[in-house]
Amino acid sequence: MNMVLPEINLYAVMPQIFLVSSATVVLIVGLFERFRRAIPYLSLVLLAISGVVAVNQLGQDPIAFSDTSPMMVSDDFSLVATLIFIAGAMLTVLISVSYAEARSIGRGEYYALLIYAVSGMSMMAAGTDLFSFFLGLEVLSISLYVLIGFEQREAGSNEGALKYFLLGAFASGFILYGMALLYGASGSTEYEVIAHTLAGERSDAVNLLLLGGLGLLLVGIGFKISMVPFHAWTPDVYQGAPTPVAAFLSTGSKAAGFVVLIRLLDSVFSGLQVDWIPLISVLAVLTIAVGNVVALVQSNLKRLLAYSSIAHAGYMLLPFMSNSQDGSASIIFYLIVYTAMNLGAFGVLAVLTARGSTCATLDDLAGLGSRHPLLAAIMAVVMFSLAGIPPTAGFMAKFYLFSAVVTGGYIELAVIGLLFSGVSLYYYLRIVIWMYMRPAARESADATGRLSYSGMTALCVSALAILAVGVFPSGLLQLAQRAVMTLP
Amino acid sequence: MIPVTYYLILSAVLFLIGTTGVLIRRNAIIVLMGIELMLNGANLSFVAFAREFGMADGHIYVFLVITVAAAEVAIGLALVILLFRNRGTVNIDEVRSLRW
Amino acid sequence: MELYFFLFFAFVAVASSVAMILQRNPIYCVLLLIMVMISIAGLYLMLDAQFVAIIQIVVYAGAIMVLFLFVIMLLNLSREEGGMFRIQKPTAVILAVLLFLPVAAMVMSYPGGGTAPPVEGSQAGFGEVEQIGTLLFTKYLLPVEIAAVLLLIAIVGAVVLTRKGTVATGE
Amino acid sequence: MTDLPLLSLIIWLPVLGAILLLFVKGDVAARWVGFGVTALVFILFAVCFGAFKSHIGDPQFVERIPWIETLGVSYYVGADGISILLAGITALMWPLALLGTWTIVTVRVRAYQVFMLLMQTTLMGVFFSLDLFQFFLFWEGMLIPMYFLIGIWGYERSSMAALKFFLFAIFGSLLMLAAVITLAFLYHQAHGVLTFEMAALYQLAIPPEVQFWLALAFIAAFAVKVPMVPFHTWLPDAIVLAVVLVKMAAYGFIRLTLPMFPDALAELAPLMCGAAAAGIVYGALIALAQSDIRRMIAYSTISHAGFVVLGVFALNQHGIQGAVVHIVSLALSTGGLFLAAMMLVQRRNTWDMEAYGGLWHTIPVFSAFLLIFSLASVGLPGLSNFVGEFLILVGVFQQHAAIAVVAATGVILAAVYMLRMYRKVIFGPLTRDENRGIKDLSFRETAVLACMTLFIIGIGVYPNPVLRTMEASVQKLLVQTHRLAETAPAGTSGTSTEAASRPVGLDATRGISQDNR
Amino acid sequence: MTESFSYVWLIPFLPLLGAFINVFCNRNPRVSGMIACAAVATSFLLVLAVFFQLIGLPAGERSVDVVVYSWITTGTFAVDVAFLIDPLSTVMMLVVTGVGLLIHVYSIGYMGKDTCCVRYFSYLNLFMFAMLILVMGNNFLLMFVGWEGVGLCSYLLIGFWCERQSAANAGMKAFVVNRVGDFAFILGLLLIFLYAGSLTYADVFAVDPNVLAPVITAITLLLFIGAMGKSAQVPLHVWLPDAMEGPTPVSALIHAATMVTAGVYMVARCHALFAQSATAMTAVAVVGAFTAIFAAYIAMTQYDIKRVLAYSTVSQLGYMFLACGVGYFTAGIFHLVTHAFFKALLFMGAGSVIHALEHALEKGKDPQDLRNMGGLSSLMPVTYKSMLLATLAIAGIAPFAGFFSKDLILLGAFVNAPVLWVVALATAVMTAFYMFRLLFMTFGGKTRMNPPETEKVHESSRVITIPLVLLAILSTVGGFIGIPHVFAKGMDRFGGFLAPVFSGLPEAPVPSSSVELALMVLTLLLAAAGIWGAYTVYIRGNTVFDRLVPRALYTLSLRKFYVDEVYDALIVGPIRKIAWGFSRIVDALIIDGGLTLAALTVRSVGNVIRYSQTGVVQHYALIMVIGALVVIVYVTGYLGP
């Protein structure tokens, strides 16, 4: 029996290889107690190296892993996505340092799992086969289950992890069944083949299977990006998870979901858009509405941010309707900005609650403006950005996103989205009010606590990035547009 | 020769029984088992389709799914054990401190 | 003949799974699930998927389900613990039935492969270890590697989560 | 003309000042920096104004730098007669406001200066933007400093007031954003190029029914900020910088709504005029029922803002020029009134009119200034408001005589509420002991108010420099509107015979709704 | 031509300068009066120069526009700051600066000791400025500037003693009522501009009547409403009696001699427009006549010396409007001039009395109440004599100034509107009655003061009496500038001087000399009857009228026809209620409440969704399955097999 080994190109999976190796290195080094303090920084360096690798490959023609079965591809899209994930992870590492240290979860495994998760996301982004996507998703998910439950002594952390796990696995089941249907319809799980099936003549039955498969995939991915009605886990899990993990969860994992969704909806399933456009638009509007309306009545900050992140997912769903390169680019751009914003918001909470309780409510923020002016200023910038007020990046992102929606001819969707984003101002600004216009209700435990340098660095970086992108968005816009150019 | 649709129907039935199990059981472990049942249902479809196509790719998928399932089970059971340690119960409806 | 086999396995699988989700004793549940696994393995054999069938029994029924059993014993879950949601039960069943209708309608109309031609009978070596192995090491090299990483993560995760004595070391 | 990028300097200097302020320690130093920067801006503006050629209707001092190329956005600033006037009043008011609140603002002084400076930047940016996107950016960006200024340094209930204001404003703005995007999209459809350049968008032929909705969206944004009834309820609680908003919103009307949607205006302009007139009376009536000075001023602002809107939507030269003059005067008179009131409240710590009385002999200088500002607000001829009001009435009277009549009743009511306030606060017997010891204005305060008074009288007595500055620009604007109106669908033309029989007072630049009769 | 008058801008400017100097450069109360007087005196001299220069011109060229600078220009709207020098404005300027100067001088004596006299004099000067702008402007807008300017000064001066609540209220009332008139005035201006295309007198009056025809009645009526406000014609007269809260010289200057006559001046100035509308002319005449008799009726029973004079002023203004309304514009202006003399004098005399009594009367006694006076003729001889002359003048006794002007008005009324003539005649009787009532109650009979009080009463100082004497002379001989045709043909210098201004009007019908003479005699007789009546009642103490006149009529007069009360009930009250309603109900409840309700709705929806988040995983899973069901059903289009 002769086995013909396929031509493989490791170059195509270089970032992923680097990420997995980095994680493993961190894991191993973490076993040595004496390097404990160095681990976050080691992780940073390793992530940066992976990032450099990814940057290095930018701008080249897509490289597939192998010619016979591509599985994963290194194109600008996946690379840009990977860079977003890496940046998010680096910021997460920074805001984790003091938090993890204070809660004695700052072991090698924590950072290793973080990087594994990034590798999983990267695989999802680069995957050109439902299975590489699925496996990447699982790598991500399993890392996240552990990360969320990392604070073993905290009942909330444990509960959050279990909830996320059960529902995540449940959603995986749907994805898997959907994949089975797609496999049945096209005989393969490769995106290209599925797209080919869609492009060619196809019987009604095959069409049905494709649609059913897509629907089930949407359920699973909708879960990841917390699209209504698959969103219910979001607030509970964010609240229970260690704050840096929640930050990571709300940015990286959601971004990964969207990246996959772009690949699927805009290139693979674009042939079925008449079918999924009304569906997605209804779900998007629902998502926006539920996220914003419930966030209005929240006083727990993590839950509030959770609902806000649901709302943002809704905004990001809108450009799919336009089904244009601008639409996809606007999602990528939004994701970049969103990552910075949400990491900033959760980061502030992480820095604030590093020593204190996990429960940060609005009242805990009262008087923050005078207690920690810099922290409050960063939070304010982030809130304005989330609300989409210039000159922050949030505005640019929203602008680009909604212009894509309008360009697609869905003005009414844009108007609905914009109006709800007006509603969102209420809760974002409430935070600012509490920080600056309310005296501290009670002396918080962290009132005099020194803020960690690493956390503040991360926060300053995100705040500055938000402002810088808000004023000079060109570079990132072009990056986002270039990223989607390589999509078929 | 049994038509492939038989298998597909069976797989759908198993998948949905699994789903129902997830929905109605309070014991976290059983819920996890329900999820396993769902995966098995999907697997059956894969194999049935593979037979239909005469290509063994579906088998590989099942192989991979089993791996994933194993990984999930490991984590899931670990979480359940942790839960039991923290709260002395595996009934997930009693674990609802995070809500509203 | 084949049909009887099919019906037998299908019946066992469905009956066991229904029993599983209704059974209150977790241990019985595990055993019933193992029954399901085995009947599915039987179906795999009927579908010329010998390798998968064996894996199903060895890994799934053998290893994974034993793990379940192990944990249940470990936690010493009493008979009546667990149980079901009363109100949610009918809802869930109705939902499942409702969901079954479109899915069934979908798969019922399945005519055969889309791109690949349907194959009659067994190809040479279809579903045998050799073919599977070849595929695993050529076409599916990357997924297998990822699966390896996945297992590593799972191991690490399980260890991290269940490691006892993680007393807060914060000074 | 100098080679300096004057407009950019004017726009961005305050930001530099704000950054500088971050490194300044101490309240006094912060105040000086704030004042110094704004004064510098004023000087720069003076240079700019000196070099401005009023006979040119096109933007001058134009600077254009590619900015966000992917969106077709460039950094594009320029000043025409209208914008330079509004920028001018901003440049003037800022140092005065900072000087006027020198001792009134005692908490977080540094932050106050920072936000005031940022606010100035956004205002200048709005006025000088020639790119719609950039305009919107500044327009929205203004909300942030505004929000803090209202929330932190406002008076009671200020944080909720700030929130309320913000929500009101943002809903309007978001609708406008949707319209902005749609405009760019329409342009892209028509010409295949993405651009936000205002001049280009003016030329866009938009189907009338689309125009209608777009115009409504724009109007929503501006109406909230002007504010027009019934979008005004944020104002009484957030009066602090209301005058600023009137300026911006009216500018928005003039710069964007008019030339962009001529066909829609045929339908909308009479409605807007009617709403504005209703607002004038409504605001005045409510001002009449207030015993709180701040709320009284707030409602008077609503009433006056109605005049501005009325003038703009008269769609003729008198109306628009009148509106601009009125905006400028409002900044001076209402701004002065509020500043003076703040000075008084700083001394006695209450806004209740009933708590005062008999101050004439105690603080004569203050009383005199308050009188002048009140009278200007009342629209006394010889003071600046009169010029604006009268021109507006002239303009509107030509279009909608009945509406002008209703609006003119505001003149009566203004006298009633202003003098009522004055009588309660200044006149009457001195009954309360705590009012006895009030100190009169300091030299600094006197200087600030005197400066405003000078301008009020100056514009009232000799408004022509102001009018001449914008004349060419307004004409250009109207020509723009007319040209598009003429290309409008059938049914809107054919009034030439009618025009011949018009009384001689009806000039050619009467605006489109007239033509549509 | 213009060059020769180029200095006229100084005429209004000098008083402004005076005000400016007083406000900013002068802290010395004593000097302030000097500065003010000097400014006005110089203006007066300049006016005289203008007058003689104008006389030197041929009659046809006695109308000169002097443009100072271009004021407001937008598109077709162009208004200059420019002055019109013609006989009419010159007459007004003479009256304003002349009488004004005397009152300024008088004020030094009257107000010199007030602590705020710097402020007082600057207001007074500012008023002169505004009034001169009003009469000199060559266009409607500039007139409006002066129009409002005098209103402002009136407001300030009425409220001069602002610590008195009543003074503050009166000032506000004056301003607001005037604003009602101004509102109409503005609308009139707008109409004029709309149809005439200009606001300059020369342009407007030259416009073809056909162009203006559709709106001429509206224009003139609107302008007249403005005049009614300023000149206190019924029903907008309510502010003038209250305006007596101001210092007495102010009442003399503003509320008798100058400002209140602005309406008459305006109507005369716009005679070209008014003449085009018979309706408007009728309205002017009727309103004037009604006001004349209405105010005279009220004046008969008032006890406040200044209020009597105030109602008398209203009444006399009514006469002037009557004159204008019947086309006798010259008569109106003539009466304006003579009225300025004698009414200013009356006020100043009253001021002199009040000034004297203020120091004499016990605390709590009102120095303005006629019932606290009596028998002052011996104590204050100069005041008494000059006031006697003025009273004779206003009563229309020949040959005092009032006789000539009033006679001309009555003549005009007789010729054009006999009904109104009867009214005017009745008014003349009443005027004689109430004026002599005032005189008798003040100076005649026995004193009603205590002896210690009487001792303290002294004649006023020279500064006060000299202007009185000067004005008394003018009141006596002032009428001779307009001797009627009956007595001497061509001796009507005044009419001749104004003739070029009113040349465009149709020739008024002139009755025969005998009729004219008969009318004069009748008038004189009736006036005498009025005087006799007053004498009977107030010197003799005869109570015949008490028995004859029903109580109700008396009360009606005393209570001023309850006009203020009616206004309170019908206008002020409802507006206040509407304002309150808007503020509390529409604004707070409906608009703001509606928004709050919307916000609450959103919040409660949020809360409902929030509390559906039960924390139980299976519930979440259930939601997911429902979602999946929806998705599947949707994408496959199957609702079942």
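Order of writing sets the labels: A, B, C, D and E. Residues in every chain begin at 1.
What we mean here is this: a contact is a pair of C-beta atoms (placed from the backbone, for glycine too) under 8 Å apart; a residue touches a chain by one contact, two chains touch by 3 or more.
Since the structure is predicted, the reported quantities are computational estimates derived from the model, not experimental observations.
The set of chains in contact with chain A as well as chain E comprises B, C, D. Among the chains present, the centre nearest to the common Cα mean is that of D. When you average the Cα atoms of each chain and compare centres, the chain farthest from chain B turns out to be E.
Using mean Cα coordinates as chain centres, the one most removed from chain D is C. When the interfaces A-D and B-C are ranked by C-beta pairs in contact, the top one is B-C.
Inter-chain centre distance (chain B to chain C, centres taken as mean C-alpha positions): 6 Å. Averaging C-alpha coordinates per chain places the centre of chain B 97 Å away from that of chain E.
Averaged C-alpha coordinates give centres for chain A and chain B that are 26 Å from one another.
Inter-chain spacing, taken between the CA centroids of chain A and chain C, is 30 Å. The multi-chain contact residues of chain E, meaning those touching 2 or more other chains, are 610, 613, 615, 617-619, 621-622, 625-626, 628, 632, 636. Contacts with at least two other chains are made by residues 85, 88, 91-92, 95, 99, 102-108, 110, 113, 116, 139-140, 143, 147, 150, 153-154, 157, 161 of chain C. Residue positions of chain D in touch with at least two other chains are not found. Chain pairs recorded as touching, per the definition above, are A-B, A-C, A-D, A-E, B-C, B-E, C-E, D-E. Chain contact summary for the complex, chain C toward chain E: residues 85, 88, 91-92, 95, 98-99, 101-106, 108. Here chain E touches chain B in the complex through residues 610-611, 613-618, 621-622, 625, going by the rule given at the top.
If you check the complex, the residues on chain A that touch chain E are 162-163, 166-167, 170-171, 174, 208, 211-212, 214-216, 218-219, 222-223, 228-230, 232-233, 235-236, 275-276, 278-279, 290, 293-298, 423.
If you check the complex, the residues on chain B that touch chain A are 8, 11, 15, 18-19, 22, 28, 31-32, 35, 38-39, 41-43, 45-46, 49, 52-53, 55, 57-58, 61, 64-65, 68, 71-72, 75-76, 79-80, 82-83, 86-87, 92, 95-100. Across the complex, chain A is touched by residues 602-603, 605-607, 609-610, 613, 615, 617, 619-621, 623-624, 626-628, 630-632, 634-636 of chain E.
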